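By written order: A, B, C, D, E and F. Residues from 1 in each chain.
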Amino acid sequence: MPLVYVTRHLHFSAAHRLHNESIDAETNAALYGACNNPLGHGHNYELEVTVAGEPDPVTGMVIDLKELKDIVQREVIDRVDHRFLNYEVECLQGVVPTAENIVVAFWHLLKDQFTSCRLYELKLYETPRNMAVYRGE
Amino acid sequence: MPLVYVTRHLHFSAAHRLHNESIDAETNAALYGACNNPLGHGHNYELEVTVAGEPDPVTGMVIDLKELKDIVQREVIDRVDHRFLNYEVECLQGVVPTAENIVVAFWHLLKDQFTSCRLYELKLYETPRNMAVYRGE
Amino acid sequence: MPLVYVTRHLHFSAAHRLHNESIDAETNAALYGACNNPLGHGHNYELEVTVAGEPDPVTGMVIDLKELKDIVQREVIDRVDHRFLNYEVECLQGVVPTAENIVVAFWHLLKDQFTSCRLYELKLYETPRNMAVYRGE
Amino acid sequence: MPLVYVTRHLHFSAAHRLHNESIDAETNAALYGACNNPLGHGHNYELEVTVAGEPDPVTGMVIDLKELKDIVQREVIDRVDHRFLNYEVECLQGVVPTAENIVVAFWHLLKDQFTSCRLYELKLYETPRNMAVYRGE
Amino acid sequence: MPLVYVTRHLHFSAAHRLHNESIDAETNAALYGACNNPLGHGHNYELEVTVAGEPDPVTGMVIDLKELKDIVQREVIDRVDHRFLNYEVECLQGVVPTAENIVVAFWHLLKDQFTSCRLYELKLYETPRNMAVYRGE
Amino acid sequence: MPLVYVTRHLHFSAAHRLHNESIDAETNAALYGACNNPLGHGHNYELEVTVAGEPDPVTGMVIDLKELKDIVQREVIDRVDHRFLNYEVECLQGVVPTAENIVVAFWHLLKDQFTSCRLYELKLYETPRNMAVYRGE
């Protein structure tokens, strides 16, 4: 049976601040520059979720795309959309919300949600020109 | 002489909260929904600035695109990029930072900045699927 | 008060066939080429709906973008998404479903739906490289 | 010699219906929802074809991009563009035309067409937000 | 009868140099910066051609999109694609090939080519972030 | 520690000519077609640089995106932007500037520039529909 990768794009808008509370203010300012602005700033995040599996011989689908969307909506988007990531999102408590840390945190929310296939890759665009990818490695 | 329109795209990332302090909390929540989240959320804003004028017979330019970019960078982007629009941006004090109000405020920052041409249109994408346009009417 | 234009993008997927039943098969084939294929073909249509109005002094909005989306979803998208435009869409009966005719038909579905603002422009992309625009002229 | 991957994007517009004739109507309707509409619907499909190989020391090319385009045009696009995939496309007979099944069928049309390089990956966007990828695994 | 605007996107790749031979080298260098590089540089230009007219009552088309494409291909694209605009393009002789001057020159190549409709607007993207528009004013 | 991939998009505009001086004019013309035009043509190149590494436990970053951008700007973009690739770019001397050869040359400029992470992939779009990828294999 062929192994096929299926991807669904979703998006959310959120505020964040790059700041590590365990280090002093000057170091934070030097490390993160404008991204350390105390009141925060924000992005339209674009999340691309890819699963891998064999198309079901009857349905022709690795996973129903609506089910894929609903899982990501429920497990990730509903928890972060229109939120301030540093203060309102449980899976990001204790970490600096860089794209790298966010995409790893989302992986743990999603990795056990699929039965007919497995989570293969998460791609997170913070802006149209910057992104982070995690494959569970 | 031909009248030509020249456009430059710029972008910025910012946080905002839709909230009108002159009305009560319940009305604000009903009006703005998730956009009323007290800690705010954010966007990658895309700003398209269009000027109109006649190409200079010597240079062939309505305006040097680098000059156009520098003016918008100085008058607008440097004031809003990586900021929380409600609290840190002077031209937005006293107004709810909807895309409509932001684009009108930016018009007033830019309208007297051009000598070889005139400001014709500002287009502000709040997300790739929502935008507001103002032409000074 | 400033006049601001607000745009919301929506999309739908549909099948259609370019064919005029009042003319003969050879003329249809010559006129429409591959688009005259008897079983039809299809597109991911992208619809950009623009309304014009003055931002409300309290809300800062010309129209609540969610309300704008809900109106277009109900009046247009729910009637055409995942449909064969020639046979299943009432507002397109008796016309050839070219982008030109579709965008005019959608105008009539939407033009009386707004109270705080007026419908200004509909832009319909049939493919990323072809589109038709109607402004009610 | 370096191993380089070269990609060409092509597109086609087609109609399809998600429906498995070997199962009953109610199950089909439940499985595929709006995509089971008897008359079908359609998409602007975007196909990204990637080959892998070593650049020729004289030409500097893994494959002439025009040749790559011509092969995909002849073997795939000419067979599916402006067609109803369920009824008019030989390589899709007997399978439900999901993105997964289409991309695997296209792989078999293309895999033996290259001599200077090998087919590495096919990526098929059904909409700008959904896609399937096959690498011959 | 409704007035509908129909747009077709086309593209070409070309080299150019911003340089006015009637002024001295220092002034050219100061005016155009890196764009004055003697050997030139280049762009993927994107041209959006819009015509305005009434859909034909029989065909439902303002103009056959294939005819629109063929006219622009023949009158514009075939003359500029894969060319050095300063030296190899007749309609640009004697002008500096800024986006402003190019779009006006293209207008004159196209304005008398349409019978069922009239040329309404040319939009020329020099890069995804810079463009010039001409409407024959 | 998780392995995360971080990507930054950059762009440049340049002219080039596909031509191999070691073979005769007729063969060059036959091989490269319009791309062999003696005066050259040009593109808006888009370069996507991906590095792989473990997010730093303190900063949450694989690499500061500003540092990533600065390295690529200095080592690559400043050497090729607004240049004629065949004649003005040292790393491309002696090779035909196909996308394949360019992306391999850029790899050698960048591969030893990173300390906290390693260069994983370079993706070079010559046009929005053509690209070459190199991973150092």
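Please note the rule applied: a contact is a pair of C-beta atoms (placed from the backbone, for glycine too) under 8 Å apart; a residue touches a chain by one contact, two chains touch by 3 or more.
Keep in mind that what you see is a predicted model, and the values were worked out from it rather than measured.
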When you check each chain against chain D and chain E, which touch both of them? C, F
When the centre of a chain is set as the mean of its C-alpha atoms, what distance in Å lies between chain E and chain F? 28
What is the distance in Å between the mean C-alpha positions of chain B and chain D? 41
For chain B, give me the residues that contact two or more of the other chains. 128
Contact pairs between chains, per stated definition: A-B, A-D, A-F, B-C, B-E, C-D, C-E, D-F, E-F
For chain F, which residues count as touching chain A in their complex? 2-10, 50, 55, 58-62, 64-66
Report the residues of chain F in contact with chain E in the complex, numbered from low to high. 11, 13-16, 34-35, 37, 39-44, 81-84, 87-88, 127-128
Touching residues of chain D toward chain A in the complex: what are they? 18, 20, 22-23, 31, 33, 95-101, 103-104, 107, 128-137
